[in-house]
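This is the structure, below, for whatever I ask next.
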Amino acid sequence: MSLQTSTPVLEVESLKKHFVMTGSFGKLGGVKGVVKAVNNVSFTIHQNETYGLVGESGCGKSTLSRTLLKLISSTDGKVKYANKDILQLKGSELRHVRRDVQMVFQDPYTSLNPRQRVGQILEEPLLIHSIGTKKERMEIMSDMLEKVGMQADHFYRYPHELSGGQRQRVGLARALVVNPKILILDEPVSALDVSIQSQIINLLEELQAEFNLSYLFIAHDMGVVRHISDRIGVMYLGNLVEEGPTERIFQHPLHPYTKALLSAVPVANPDYKRERIMLKGEIPSPFDLPSGCVFHTRCPFAEEQCKTEVPQRTENAADHFVSCHLYH
Amino acid sequence: MEIAQNSGRVIDVQRQLLKNQRSLLVRRLLGNKQIVFGSVILTMFVLFALIGPMIAPYGPYEMSVSDRLQPPSADHWFGTDNFGRDIFYRVAIGARVSLGVGLSVAVLSSIIGLVVGLYASYYRTLDHILMRICDGLMSIPAILLAIAFMAALGPNTINIVIALTIVFSPYIARVVRSSALVVREQTYIEAMKAQGARSWRIILKHIAPNTISPLFVQASFIFADAIITEAGLSFLGAGVPAPDPSWGNILADGKLVIYNAWWMIVFPGAALILSVLSINLLGDGLRDLLDPHVGNSKKIKRKKAKVKAG
Amino acid sequence: GCSSSSTTDSTDDENSPSDGTDEEQVSGGELRAAIGQQPETLDPHMSTGATVKYVTRHIFEGLLAADSSFQPQPMLAESWEISDDGTIYTFHLREGVEFHNGKEMTAEDVTASMNRWLEQSSVATQIMGEDAYFQEEDDYTVTLHLEEARLTAIDAIASPKQFAGIMPKEVIEAADSTGITDYVGTGPFKFVEWRQDQYIHFEKFEQYQPVDFPADGLAGEKVAIVDDLFFDIVTDSSTQLAGIQTGQYDIAYTLPNDNYEQLLDDPAINTMTDLYGNSFHHFNKKEGIFTDFKMRQAVNAAVSNEEIMLGGWSHPDLYSLNSSYMGESQVWYSEAGADEYDQADPDKAAQLLEEAGYNGEEVVILTNNDSELYNTSVILHEQLSQLGMNVKLDVYDRATYSERRTNSANWDLLAVGLSTVTTPSQHLSLSASWYGWTEDETVHQMLAEIEAVSTLEEGTAIWDDLQAYLWTEYLPGTKHGDYYYYIAARDNVEGVTILEGPILWNTSVNK
Amino acid sequence: MKNYLLYLTKRVLSLIPVLFVVSVIVFLIIHMTPGDPAIVMLGEDATAEQVEELRQQLGLDLPLHEQYLNWVLGALQVDLGSSYFMREPVTEAIMNHLGPTISLTILSQMIALLIAIPIGIFAARRRGTMADQSVMGVSLLGMSVPNFILGLLTMLMFGVILRWLPVAGYAPLSAGLWEHMKYLILPAVSLGTLQAALITRITRSSMLEVLNNNYIKSARAKGVKERQIIYFHAFRNAFLPILTVIGQTFGGLIAGAVITETIFNIPGIGQLTINSIERRDYPIIQGVIFFVAIAYVGINLFVDLLYGFINPRVRLEKN
Amino acid sequence: MKKQSLLDVQELKTNFYTERGVVTAVDGISFSVEEGEIVGVVGESGCGKSVTSQSILRLFDEKYSVEYEGSILFKGESLLEKTLAEMQDIRGNEISMIFQDPSSSLNPVYTIGRQVAEAILLHKDITRKEAYQKAVKLLELTGIPSPEKRALEYPHQLSGGMLQRVMIAMALACEPKLLIADEPTTALDVTIQAQILDLIVRLNQEIGMGVMFITHDLGVVAQVCNRVIVMYLGQVVEEADVRTLFTEPLHPYTKGLLHSIPKLDGERAEKLHVIEGTVPSLTNVPTGCRFADRCPQADATCLEHAPALEAQNDGHKVRCWHASAQKEVETYVATN
């Protein structure tokens, strides 16, 4: 699929989220530091597309997804959906957008209310958006439960009575009952083992085909990302350092971090041996981002220029962008 | 289990499941020893309060001063007090007042505390204001505050309930708030926001139920504490006004004759202790019942049994 | 020291805890007395409170003192005369009496003290009139000037309640609105320390000069036998009980009535009783249904006092059924109107209620949570309820009770315990300003007549009439009876006598 | 360190609104309360004029807000006024009555802790056994017996019948440690029982929770001895909620002291308060409650600071 | 038994006494770990991997909730017959363990330096100070930068990766003969994971330490392990050396697992393989083969009779009625 032919549904423009860590007395006590969790990130998700987002743990992926839905306030930037900037919306307009843009949270163990049964959990979004009569809601829910591959007797279970994979599917079902257009999936499978993981990935693919959904898919398992994504973005310390079509990223990674990441992925083949790119040096504290390129402290190819100048985002090949001085 | 083919059947299945679910709840209730014990004792008290007076041969106020301070006998099962009134009857009637005070204070302060605690946990500014008021109220020892309120409001049972409710609500509010603050940060609350839920819905439907178990524990403490504090108030002369009996003021009367009429202390004291015990049991039991993780046991056992049978 | 073992053997053997035994009294040691309440002040002029009276009598003395039959006897005044018209009293002071601070007592101290007392004591004002004053004649003579003759002026000066203690002029001058701050008197004990809410400590006053006639009531020779006298403030009566049983206290003043019998049976403990006062329920005669005399009669006809008194005081030793407004041992004792007392006649009461047109109006009994007042009210409540009256019991703590009773809108029947008084005009049931508001002209006119006559006989005669009038035609309240309080002393305490409170001089403790 | 000081200042400053609230509550309640100190002071037979005169002298005739303002202005200069009855400044009265209460609360807290913590740990280690259930049953009993009954019963038992200890009274520490203690043991036991019951329950449940933690297992896996695990690894973690309860129930202790001090005739803050309420000694009541509130908040502040020492995770994080 | 294994587990059963009855979380498991060998343990979540590892150290509460059956021989000595005091000498000293979740496995109230030093002090006769210095060295060895500073910090001040390394340092403190590593890298991203794996392999080679390595990442297994055990619902269903397992898996479950791994190369578009059905609950264990419900090859025998773990050839064991028949027909190639 080429980007020119499909329509963008969600456009993120230079989004920033800085957490201000204050001392005592709130702001009066002085600012202890600023965590630049998301720093000037821009990307676009198109209709029916899966955008994979990878990166080191703590690089700001979850923060990014929460900011998109205004679950936490943003510092700067725009998130355009249906000609509106989500970040500026309030009240019922925001609620409407939230119906269209649904989210599946990273942790299946904490994102379900432990005191609600599966049925109540699924009914909640319908009630919020006043959809259907009691009977209709029942049908919608049963339908959805079936679709995510669960059984009717799960309806009265509590979340803790479900396995991790089943919980993840409940989370997915909850996001899907209101017929969203976009689904943000924050590491939906990283807590699971491979057999459950594959069930979920398959389901996502089926649903996408059926409902024309767009996904923002966050993960750190490169195998999974490769499998499901159309395009991939690589984040490092709050910055999007590389972006491109899946095959392209895997075959021709440009950014040294992407290369290191790919080289470290363990392969399920005892005979497979390859050269790993070792990342040396300390991971910088998010309080105190390095000057210049944020990666220069660990980059095997870092030069003087990297320490002082922030690299610009350049298009290296069709739709393949990278922010690195090596490719200027 | 087969996946239902059409939604009509699904609904049938669900009806069935709902039914199972209900019988399960009953089973869980009956299987919970604490709840069974607690409610049996409590029911006995209620019956005692309702029926006791009918079977007692004397009225609660009926006095025959010449028969004062008689030990328990066939005539006066619990003996007589310093006015020659029948203690059995007074303890029975006192149950109405004491349990009434205990329960109303526990319920009222739970409601107030819950609302205050929840909203305080959700809105920052409100939190500051409400919590400072709670701190203020809590930093004044309960009994002093109660005495002061009683002195200001005047002695009658409703005022006791009001005074004790004011005194105890902050304790509930604190507990609710502290657990609500934790719940508020949970991902599932964020998930509800992401669904577009309004604040009141999040607060009442999602945060509140998760603060229920500490609330229950605290409320059963308060039930006990309210009865005891009422007794303490009576002891200090600020409790339920005479001649209405409450366990507290029977004890307070008895306190004067503790060295020569043990029955004036023992019977109301035992009633007090038993009721406190039963409420604590009920509180613990209810907490377990509402905890989705506990009590689930019965379900699994049942399933196993069914498999074996089938 | 000047104490001797031969001083007293109480003449008042009815009340003596140690009758029969003739052991040698040991001097020295300490005596610990548990009192139920901290006195509001140690200034006897300032308060009518019983505890104030119990404590201060040991350090202050008046010009005169009451003997065991309440007759005035000389104390700091050696003798006194009354002018023929009865308006001028001349007091001759004893010479060489020393205050605890070493200064000799002279007329200037006496006039200062007595004038302040006249100012502070409402009873004094009432009996002597607004314009009475004392005047210094010479160092050892003072005079009292009255507007007109008053029969009971001398009794008032000798009254043990809110008594006219003599203190140095400087002390009086240094006093503020709450009373004196230097507790300097002439009594057998002198003040050492007052630990708030803990104890008051007196010690023997070595320079004390007793009068030289035998001790009788508050009068006569006084000797401090013990070196130290402690009044331990023990508010809880059960605690006092436990303390006297274990010997932690030598004497306990405030014990539960219910334990009287138990203490009677305790060989290690002696008990003594003394008349304390009259138990009444006052009618609110200012407003409400009891402005109707018939209603008052109805209640009075209904009450059964045996029950009320037994319920209030628990033991027959601790109360007596007595219709007289004045005490049995007093000259004012009278049986006039006794028929109206303690009728316990519900039928008559019902009839009277009907005549009065009583229609279920609410009757509020105001009482406080002191066990006696409370108990009498609970029983009255029951008795009136039996009668079909709509009665409500309002129980408050003492302070609230004291405030509420001032407002006539708050109550219909007021539980009161009135401590004994020495003259009828001091009787609070008859006061127009006190709670219940006896604003009856006949009553006040007759009281004035009593004061105006010159002999006691004339006075008692008028009083007989007045009491008959009170019972049959007025009923300021319904009297339940006289009540006694009891104290308990360990058996090693000897020589305690009692007159409006225990007397702890001439008392020894053998430890 | 600088942060710590800041934190401290912040916590101390946060007391101001609390104390404001307390002062208003106290002032309002007291003045809403019927009963007139002037009447109480003057005794039964005082006339209305005398009462009125005294009220003026005491400043009770002023409008309420003026009285409040005067009081607050005084309080700001650590002048809480003077007692109507006791001829001493309120601060002095409080100081004079403080000793017994401090001794009593410390002793009863110590008794409570000495009994409760080992028993709680014991019950936690034997959870589900008869021993556990009976310990918990007894602790529930301990919580449901009213304080005054317990006081009277201990007094009857150990004072009157066995005569081991004096029934009532107080001797200051200056009279010797034993002399001091012997008056306090009975009241401290009766006061500490409820406390002990509560702490036992908390100790048990928080120990149970901690013992379920992975780090206990990992300590075992390291080869740490069981005893050391209980006291070194588990208890320190379990102590936090216990400490919270200790801090919170401090108010309860003072409230309990009101009754206990009355029964055992201990001239402490509790008795002072009750007597002052009975006498309507406004300045004392205000002063005492205000003082107790400060103490309560102060103790909880101290507890909060202690948290940090016991559990580094809590350090400075609470804001 | 040819030669004495470092660890030899025979027919181990771990029964939990819960309020809903006895739960046999580990049901007759047998395997061994030799000196200098890394044995991987894989299996679906909840299949009993952690319970097995903790049973070896007898970490469950034997007084109230757990009962062990079978035998655990460590260097020929039966661990199950030792007293708990004797166990304390072995724990942390000869056998040590890295727990699944490092952030909850460190005591929050003590500095990490102190906790590592404690592990040394317990078993070595040295002074507190020496122990502490050794702890710092160990931290350095695990690649924690500026270890002197870090040693003074509390667990909450460290990142997940660092905590994981602290756990490792603690486990290695007394140079154990046997290391049990329970999913030591799940919480980490691949770059840090790689560093930790390197460290374990290095120590394994340098001091000849035996390792029991539990994980669900088959990629990791392929890279570090010599031999692999596959578990399913409390039992070992297959055991083989790593190459054999990846090239010739015999058990249908193992095959299913291997099939499910998304590939890093090759065709993306195809659907991921899925093992149908769900794992039965432990309280409701099937009478026949435990995998029968989900197995494409299951027949009547499978549903009724439980197969035993049988050796096929050269140390390759499998628990399946169809294993031997199948091996001849089909050869599975792990990577394609």
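Every chain is named by a letter (A, B, C, D and E) in the order it is written, and numbering of its residues begins at 1.
The definition used in the following text is that a residue touches a chain if its C-beta (ideal position, glycine included) is under 8 Å from a C-beta of that chain, and two chains touch if they have at least 3 such contacts.
For reference, the UniProt names are A = Dipeptide ABC transporter ATP-binding protein; B, D = ABC transporter permease; E = ABC transporter ATP-binding protein.
If you're wondering where the values come from, they're calculated on a predicted model, not measured in any experiment.
Any chain touching chain A that also touches chain D appears here: B, E.
Within the contact network of the assembly, the step distance from chain B to chain C comes to 1. Taking the mean of C-alpha positions as each chain's centre, the chain lying farthest from the centre of chain E is C. Centroids built from CA atoms put chain D at 40 Å from chain C. Per-chain Cα centroids separate chain A from chain B by 47 Å. Centres computed as Cα averages put chain D at a distance of 53 Å from chain E.
Note: centroid distance chain B to chain D, computed from Cα atoms, is 25 Å. Listed for chain D are residues 33-35, 152, 156, 160, 262, 277, each touching two or more other chains. Taken residue by residue, chain C touches two or more other chains at 238, 396-397, 400, whereas all remaining positions touch fewer. Among the residues of chain E, none is in touch with two or more other chains.
The touching residues of chain B, when paired with chain D in their complex, are 128, 132-133, 135-145, 147-149, 151-152, 154, 221, 224, 228, 231-232, 235-236, 248, 251, 255, 258-259, 265, 269, 272-273, 276-277, 280. Listing the residues of chain A that touch chain B in their complex gives 66, 69, 71, 94-96, 98-99, 102-103, 105-107, 110-115, 119, 124-125, 128-129, 135, 138-139, 142-143, 146, 151-153, 155-156, 158-161, 171, 174, 178. Chain E makes touch with chain D in their complex at residues 54, 57, 59, 64, 84-85, 88-93, 96-97, 99, 101, 104-109, 118-119, 122-123, 154, 156, 167, 170.
Those residues of chain D that touch chain C in the complex are listed here as 33-37, 39-48, 50, 53-54, 57, 84-88, 93, 96-97, 152, 155-156, 159-160, 163, 166-170, 262-265, 267, 271-272, 275, 277-280. Interface residues of chain E, counted against chain A in their complex, comprise 44-46, 145, 159-160, 188-191, 193-194, 197, 216-223, 242-243, 246, 256-258, 260-265, 268, 271-275, 278-279, 334-335.
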